[in-house]
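Here come two complexes built around subunit A, the first alongside subunit B, the second alongside subunit C.
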Partner chain A sequence: MKKTEKLHEPVFQIAKRGSMVWYKSWAIRAVAILFALIICALFITFITKTNPLKVYASMIEGTFGSSRKIWNTLQNMALLLCISLAVTPAFKMKFWNIGAEGQTLIGGLASAACMIYFGNKVPEYMLLPMILIAAIVAGMVWGVVPAIFKAKFNTNETLFTLMMNYVAMQLVSFCIVFWENPKDSNTVGVINRGTHSGWLPEIFGQKYLLNIIIVIAITVIMYIYLKYSKQGYEISVVGESENTARYIGINVKRVIIRTMAISGALCGVAGMLLVSGTDHTINTDLVGGMGFTAIMVSWLAKFNPVFMTLTTFLIVFLERGAGEIATKMNLNESVSDILTGIILFFIIGSEFFVQYKVNFRGKHKEEVK
Partner chain B sequence: MTNTPAIELKNITKTFGSVVANKNVSLCVNHGEILSVLGENGSGKTTLMNMISGIYFPDEGHIFINGEEVVIRSPKDAFNNKIGMIHQHFKLVDVFSAAQNIILGLDEEKKFDVKSASAKVSEIAARYGFNIDPDKKVYEMSVSEKQTVEIIKVLYRGADILILDEPTAVLTPQETKKLFAILRKMRDDGKAIIIITHKLHEVLSLSDNVAVLRKGEYIGTVKTAETNEAELTEMMVGKKVSLNIERTEVENTCDRLVVKDLHCINREGVNVLSNVSFTARSGEILGIAGIAGSGQRELLEAIAGLQHVENGNITYIDPKTGEEENLKDKTPLQIRDMGVRLSFVPEDRLGMGLVGNMDIVDNMMLRSYRKGKTAFLQRKEPKSLADEIIERLEVVTPSANTPVRRLSGGNVQKVLVGREIASSPTVLMAAYPVRGLDINSSYTIYNLLNEQKKKGVAVIFVGEDLDVLLELCDRIMVLSGGKVSDIADARTITKEEIGLLMTKSQQEEVPENEEN
Partner chain C sequence: MKKILSLVLAIAMILGSMAMLTACGGEENADFKIGFIFLHDENSTYDKNFIDAANAAKTALGLTDEQVLFKVNIPETADCYEAAADLADQGCDVIFADSFGHEDFIIQAAKEFPDVIFCHATGTKAHTEKLPNFYNAFASIYEGRFLAGVAAGLKINEMIEKGEITADQAKMGYVGAYPYAEVKSGYTSFYLGAKYVCPSVTMDVKFTNSWFDIAAEKETANALIADKCVLISQHADSEGAPKACEEAGIPNVAYNLDTRHWGPNTALISSKINWQPYFEHIIKAAQEGTAIEQDFCKGLSDDVVQILGLNDAVAAEGTQAKLDEVKAKLVSGEIKVFDTTTFTVGGKTLETYLADVDTDAAFTPDTEVVSDGYFHESEKRSAPYFDVDIDGITIK
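Right after this comes the complex of A and B.
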């Protein structure tokens, strides 16, 4: 046997942690955010030669700077939270619904259609429920179709829901041709600009307040649904183990279809909030990627609707704040994307340290002695 | 060389988080010696062996090979030190032949030469008396043949120190005998052999020395010739235990579940059960024996409504009315709605019987969550059931709100069996209910099954330890390749007879006989 050179133990080893007390895991996350902010600061100073503290101040300024900005922040949060809540039951069931973008868009399309064809013809108190129902049904169809195929033929839901996004987008492009206003502008323009027919009403003089209230209600209902209802329990069981679900007699196919109907319907509601409650128009960029961001919000909060308000706030704050510094410091939009990326990288990376422990060479020996 | 031990461990310690898997363990094996490492499940046997074979790295302690200290950081280091491990779960490529599997992963400079490898394999086989065809594909092999391939694989790589992790768990008594003969031959050839096991009689018949671990701690090493079963058990458990299972006589029995000519095909289109007929009676324990994968799982799942039945009948006889109900082609929910109180403890506890990430209360609810007319869950009853089971079955858990995956194997099983018994079943099916459990937990489970038997429940028990089957059951049905070899009285049949029945269909085609 050849004489081996002096052997060392491995430089580091990774071991899974047992359970962890909640304050420790939150401390790890807080440290991660702190690190992220420091790295971002170094990055900004390096690029712009400005004081990073100033940059952070303007991020906060961009989010909370004026009452209009606060309302906008809340409104952005409400919409993102609504879509996040929509995808949550599906992901909790381990159904990889990446079609929230399309489900929301088609809900928005249905709302716009109702506003255009029935606006000013049907009384408001009937029109708004009509819009709501149309949006819910449209979103539901977009959610249920992949679910039926998954349940009956075990097709891949990720690809299916993704492709449904493109179908929705093409449908919207097609409708824009009919609804163009003014002609040849290739946009729909603000629907019912004069009469505000089919617009969600302002309450207490705030145009977004109703949106926000609706989403708060959905948050509470979703929390109760997932935690305390029989259907929510079935979703957890199917998500954790389909075999267990079959073993106790849960009809797995029915649960998949039912859950995706709920998921799609809520996306439809989000579409209505976007069209009837916010933009009052429709275009292919209506949802603007929120359908994908929502997945991150939902996972970061570990599917807990209450935590989701926090993760939504974090994402919206990053987006708005980064947008603000981009304009103020005369930087490109990409800089804000880079900053958002750095911060998310640290937050998601911190989960590794919550789950695992890293032991470095030699360290534990001293500890023992 | 005979004076220096082949492998020596000194004060090995390994912790996972706050769990101490091994604490100051010292072992020593000479060339030409067989050492048994004995201990209950969870006592740290496998962790210890994984440190020798380079899968884990010890926190503390030293390893010496032939008197020289070595550091084993990876399986490759272990292999360079001529250490070979045969794992409990085989690591073979199904579509490759024996010889191809054996040379797979060797980085020889020469080209991939299967022919000369086959010759060398045959030579090794002849030396120790293995029975192997180097060109046979792995998917055509029986479990014992696959194990042979694994052993030859490490010998081919020149291993001098062999570690076998629970090698007999999947073998019939006859195959075990054969394996032991081979191991003795290797010992006489100067190999150092370590065998991990928790079966006492195997330890006594095979090894020269026995090292005992208990809860990660090293208790001591004794010479096999100077010890006995009772002493070893005491070392293992830490207190005296009586190893007798009481078996009461069957009283007031009547037919409860009649299965006739059952035929099932699995998803791949392979016959998994053919012509299975038997009757389970109230107040008795029907044992099902067979090599793993002989159709035991499919049989129980077919009865529970989880496996599609091609042909045949499953009839349940209601204990009160005497009415016959057909269970074939019914879903689990329909079976429950018919009022059939069928409880099932499946083999895969955390993958089927329970949900690992849910707490004990929510797992109690699996059977009962549909109760009540509202759309909301009632957690009160499941909570009190959870508390009751924790107290009565002595489940070790921080609270009823701890996710079950955090519990140890024995406690997980107590939760599952406790829930299944709580619905006062008339038929109770249990698949390998003591697999992975320590001695005390195992006896708790046996007692629970006996209790159910006395209550007049028809118990169906699928087991792997033939000694236990013979002691616990009233009748034993032996399955072999999806067919019933025989149904025998457990009080008169011997272990060897069962062993022969277990491989019956693999020998030639024997005419069916289904007396008894």
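Right after this comes the complex of A and C.
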């Protein structure tokens, strides 16, 4: 009896937990974050000999330090949240859309084209809707093309959407050759710098307020769409099981294409907010990796748009805090990327312990007795 | 999820407030501050040149860490404006940005913060914007290129004397970034320097259409070598061209850094802009309230342009002495780099040229820049505007 036990029982066993009392899961996550902060503190002290508390203070300072910083935090959150909302329906449907970067960039390119070719020629009340429509259509095309191939030929959407990113990037490089100002400098410069034609207007003297309002509206609409609409329900069903969806009479192909059209269109809107509402220029770094960060935001929030505002805040807080550390402590920005990595690793890792329990041999033995 | 986040925040807040309490030690802030905005970090040779100079100026003037703020990896987007505005909020008296594409965003910040001085390297708009607190800066790097060209010409003369090539085969290759005035001005002055000592020399130019692309630069250098170029120089800063030259055993003239570690047997010489004098100049000007030039452009005589990394193992005999002689003549004005008697355009002497000094999208020529027998480079504004294709240089 004893012998077989020794031979066959592993050191620990992992078992799926049932539902967990809220305060228990809460405690697990709290411990994870505490560990993350301790590891970060040790890392900072060990590598840089800087007081880690000072570093954390700088991160808060970088996010809330002045009214400008608070506005910038909200603006960064708005843009990241917009792209995160855009990828959410696709991921909920288990369509691995990693092309948000390209869909946003192409939306930005369409906006820039409208600003360059129609700016100062068409009245503003017509130009802004034109920019919006152009951006939406461009983003939609970038989203729908891989969706059609997925629906019709069952191509791999991960590779397809990824490749579309590069196509978008090359198209931007190509257009810069025609739009560069001054000539041959390979930069477009600020478009319509003098006239602000095609720029999203300031509201109450705040240049980012309109961006923020638009994204709040999209958040609310997306929440309602996913939770209460028939289409939102179809997305969930297709995501859980395509066969079930087919069995209950959902046209899976149509849902895939429709959902990616929405996903791409929202990325297009994000592109417009970037070009027309924020940067007023176009270059290949416009989206700056937000298309990929958005996936993490969406997953961390379990595809719930309201929780996504919080996960967006977490990511933006870490990024802005990181930038502040780099400036204040004269550290390379990579150090702060490492901190962000450690914290996210622990947060994501804690979900494992919320979902599963680990039984060690010793403990198990006692139970057997 | 909500709970995790509120917890993160709560902990962060507590830690933060603790840190703030410990940090407030009552130290007196020195009132002067300067902020730097860099496109990349020290991993880019372009930005490293600025970062090193900023650190050297900081040490030389005895500024503390609190007085010199760096913002690295700032893209050429609204982030640049936000970085500048944030530096201004933190009390910077002077803010400097190092990349061409930063200019519009720096101008935007300069308009919003009239009490802060904004300086921008490689930009072109200070003299047209006419803001009282926005300044451009560059260097007469063409003087350095010319000197590097002299060293290259002497090396080619040596090859001719040794019978390795004939005078007609004296062809150099140049790996350029973009067909932009800064690049054209650079390679033309380099070519004219070589021609100053080796009259039969010609040059092929190829563009990589990137400021930094190791593979493309190496490939382009190899293509030029295959095309029988006997010496290679480049505008872009990566190790691509120097390494290709080292493998092929072809002498190489670099830019911005000493490349002898990449090509001990082929690196010949290099020229660079030394930003330290400029940084010290603007810091002192801000502290003492003296004027800053709207377009700062100095060269060899003020140590803003430097020659570095002359490799005795590669250079022809007597190179150093010749360089000293030519340098003295450049400083005294006896030699003008763009002397119109030394080159022709379409077989004719350049007697008049309208350059696009006041930048605009249509690239309209607006200013006469040829007079007194030479092309007045970087005099009407600091950033180069020499973009003439002269005889002897073939763009491939």
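Note that in this section the second predicted complex is superposed on the first by the 353 of 369 C-alpha atoms of A that agree within 3 Å, B and C clash if a C-alpha of one lies under 4 Å from a C-alpha of the other, contacts with A are read in each partner's own complex, and residues count from 1 in each chain.
Just so it is clear, a contact is a pair of C-beta atoms (placed from the backbone, for glycine too) under 8 Å apart; a residue touches a chain by one contact, two chains touch by 3 or more.
For clarity, every value in this text was computed on a predicted model and none was experimentally measured.
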| item | value |
| --- | --- |
| Contacts of A:Tyr247 with subunit B and subunit C, given as first, second, both or neither | first |
| First (subunit B), second (subunit C), both or neither touched by A:Tyr228 | first |
| Of subunit B and subunit C, the chain that contacts the larger number of subunit A residues | C |
| Partner chain in contact with A:Ile176 - subunit B first, subunit C second, else both or neither | neither |
| Contacts of A:Ala57 with subunit B and subunit C, given as first, second, both or neither | second |
| Which superposed partner A:Ser236 touches (first subunit B, second subunit C, both, neither) | first |
| Complex contact set, residues of subunit A against subunit B | 4, 7-10, 13, 15-19, 228-231, 233, 236-237, 240-241, 243-244, 246-249, 251, 357, 364-365, 368 |
| Sites on subunit A touched by subunit C in the complex | 22, 26, 29-30, 33-34, 37, 51, 53-57, 59-61, 66, 68-69, 72, 181-187, 189-190, 193, 278-281, 283, 285-286, 288, 300-302, 304, 307, 310-311, 313-314, 323, 326-327, 330, 332-333, 347, 350 |
| Sites on subunit C touched by subunit A in the complex | 1-5, 7-8, 11-13, 15-20, 22-23, 41-42, 65, 69-73, 75-79, 82, 85-86, 89, 100-101, 103-105, 108, 124, 178-181, 209, 211, 356, 359-361, 363 |
| Residues on subunit B engaged by subunit A in the complex (per definition of touch) | 16-19, 57, 59-60, 70-71, 73, 77, 304-306, 331-333, 335-336, 344, 346, 348, 350-358, 362, 365-367, 369-370, 375-377, 406 |
